[in-house]
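Step one of this worksheet: look at the structure below.
Chain naming follows the written order as A, B, C and D, and within any one chain the residues start at number 1.
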Amino acid sequence: MAAGPMKMRATLGQGFTDVRVLMNHPMETGQRKDADGKLVPMHFIQNLTVKVNGRLVVDAQISQAVSRNPVFSFRLKGGAKGDKIEVAWVDNQGESNSTEIAVA
Amino acid sequence: MNRIRRALVAALAIGLVRPLAALAAWNKEAFGAKTAADALKNLGVPNAAPSGDLHIEAPQIAENGAVVPIEISSNIPGTTALIVVIEKNPFPLTARFDFKEGALPFVKVNVKMGETSDVRVIGEAGGKHFSASKEIKVTIGGCGG
Amino acid sequence: MKRALLLLAVAMPAFAQPTGREIEKIMQRDFHPHGQATMDRVVQDGVQRVCTESKDHPPADITKSLEAEQMKAIQFPEGSLMGDWKRGEAIAQSGRGMTWNDKPGQAAGGSCYNCHQLSPHEMSYGTIGPSLRGFGKTRGAGPEVQRYVYGKIYNAKAYNLCSNMPRLGASGTLTPQQIKDLVGLLLDPASPVNE
Amino acid sequence: MRTAVLAATLVAATAYGQDAAKEIQRYREMVAEGSPAELFELEGETLWKKPQGPKNVSLEQCDLGKGPGVLKGAYAGLPRYFKDADRVMDLETRLLYCMTTLQGRTREEATKRVFGNADHPSEMESLSAYIAGQSRGMKMAPGVSHRKEKQSIELGSALYFHRVGAWDFSCATCHGDEGKRIRMQELPVLYKPEAARAVATSWPAYRVSTSSLVTLQWRMNDCFRQMRTPEPNFGSETTVALIHFITATGAGATYAGPGTKR
């Protein structure tokens, strides 16, 4: 699947908010060959951010060694119902995507 | 949606917008390093002291190197970053997570491993570095056909 | 009314399981050839039919005569049957061969680790067959054991009619040289199997 | 002395084997927690609503057994007998029927690529994920009372033990005895309700080793490939009967998929 939709869940845990986010991304290493034997060019997410109510809380740099269709779980201190969580990514080809959800 | 994305890509390309303004740049030198030592040098991590307060939750055996789940966390007070290095991968540096006020030093992520290797986690707290590591064996699953 | 329905239900014959021949017809209708996997493969041979019909427990006399028939068809090469255990290990690891997406003519594997433990260095092994670790240690590597191992790999059904193990030589999966290499893997004192 | 050493080695080897199995189990649990199966459900929803084919209509009026367009619980009731087609169908076979009847597509076009890959998931796979997801929390109750449903289950049961192909395999060759595995993969004994329940409630599923969403039609197809038989036709009576037999054996359990597989 080419880069596509994201899906996020944010739930209140004990003293923290659990954020789980799924991303549709091939995370190509540049070393895999396609059916015709041609190398598939590198294509992977490089930067990932998590914001709570507009404030940056996690700032990540990742490599092509993160698995295809990445899934991340983060924990945020405290949190309350209705807090807005936003996750965004940018990849090495300049594509980007983001998704937003309110804590349930 | 696609049109919007294309427009956004175009805008990014000519430097009109920076949607992730707070973003740390992607550390090309560190991620391009072929050894763990070089990667850490490029990240400005000279030497890290072993610590029992860094935790790596992972299976000892992974059936499939393409998806190895790891859960990393730190009990060291004031932890501001966690770095993941897979020693035997062609490019060992896998991720660097910077935690700002409001986030706990905790991440769960699936990574790729080319072969059985030590997975090292470096924690950063108050300008000091700590490290922990765990060996994960990569095996073959299924009929192999 | 309700009663009538009930009676009807009772009167309806119970469905008998389709026979092996009926299944063969259904498979001939429901399958298509693909690559080297041709339609003759859905036609059961005598061994397959007897084992299916008896749920793998055929009567002793039939077992004996069919096993003897399979044994007669084994072609044993002349001379030593011990090949190179290193090549044998690679053959044991490979699960390729004979499927519709394997190229005909390309070397197949024996799929041995899918079902057996062999070298102690391979921890991903199956358990459908018995562990073969240390196989040659207790049995030695004499000509009789070599012949037994070669024959068993070539046609397991000659030794145990309804064995789960494929007839790797008789089916054309492995070449005589490949089977010899597997004999080496099992019997050679230098093989990791006998560590 | 030698016996003692041998015994000790054996004990160690067994303990190691058990540990390895436990660790693999842990691996699978952790992988399942991070399964991207939901992404395929999203894609499937889009495809369900997308007008296609010569008639340019969506599948939204497809009757999966609970009435046209009803998705809630539909998967939990499959496979079952459909009067309009006069045969037993599983989800994919029924979807194919709707593609040809509602959308006016040819069977040839609609089955051109029923099994996708990581780069290009198939329409059938994403649709299956979406529709199966609409039965989460519901009890699996495939059709078992119609004459043709009974026949189908009987056929599946007989096929399960039918030895065939270049390697003399039946389903039971691998899935016949408790506690066996291929490499590290445990093999469920699918004529036993306990094992069949786990299958009935978790397919279709995200397959980690191929990064793709796989369906039961794919599972049957790929098992036959590895049994070294020719290829079964998509949605044939044979594949549906096997799926029906397994699902009926596992009936009554609560659907919790789409799941995650090796």
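In this section, a contact is a pair of C-beta atoms (placed from the backbone, for glycine too) under 8 Å apart; a residue touches a chain by one contact, two chains touch by 3 or more.
Since the model is a prediction, treat every value here as computed from it, not as a measurement.
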item	value
Between A-D and B-D, the pair with more C-beta contacts	B-D
Between chain B and chain D, centroid-to-centroid distance (C-alpha), Å	35
Interchain centroid distance [CA atoms averaged], chain A/chain D, Å	29
Length of the line joining the C-alpha centres of chain B and chain C, rounded to whole Å	46
Averaged-CA centre spacing for the pair chain D and chain C, given as whole angstrom	26
Sequence positions of chain C contacting 2 or more other chains	99, 113-114, 123-124
Residues of chain B engaged with two or more neighbouring chains	61, 63, 66-68, 71, 108-110, 139-141, 143-145
Of all residues in chain D, the ones touching two or more other chains	20, 34, 182-185, 211, 225-226
Set of all touching chain pairs, with the criterion as stated earlier	A-B, A-D, B-C, B-D, C-D
Chain C to chain B touching residues, read off their complex	93-97, 99, 102, 109, 111, 113-114, 123-124
Chain D - residues contacting chain A, complex	34-36, 38-39, 42-43, 118-121, 211
Residue numbers on chain A that touch chain B, as the complex places them	16, 29, 31, 46-47, 49-50, 52, 55-68, 70-77, 88, 90, 92, 94-98
Chain D - residues contacting chain B, complex	19-20, 23-24, 26-28, 30-31, 33-34, 182-185, 208-209, 211, 225-226, 262
Residue ranges of chain B touching chain A (in the complex, touch as defined)	5, 8-9, 12-13, 19-20, 22-24, 26-27, 31, 66-68, 71, 86, 89-91, 93-104, 106-113
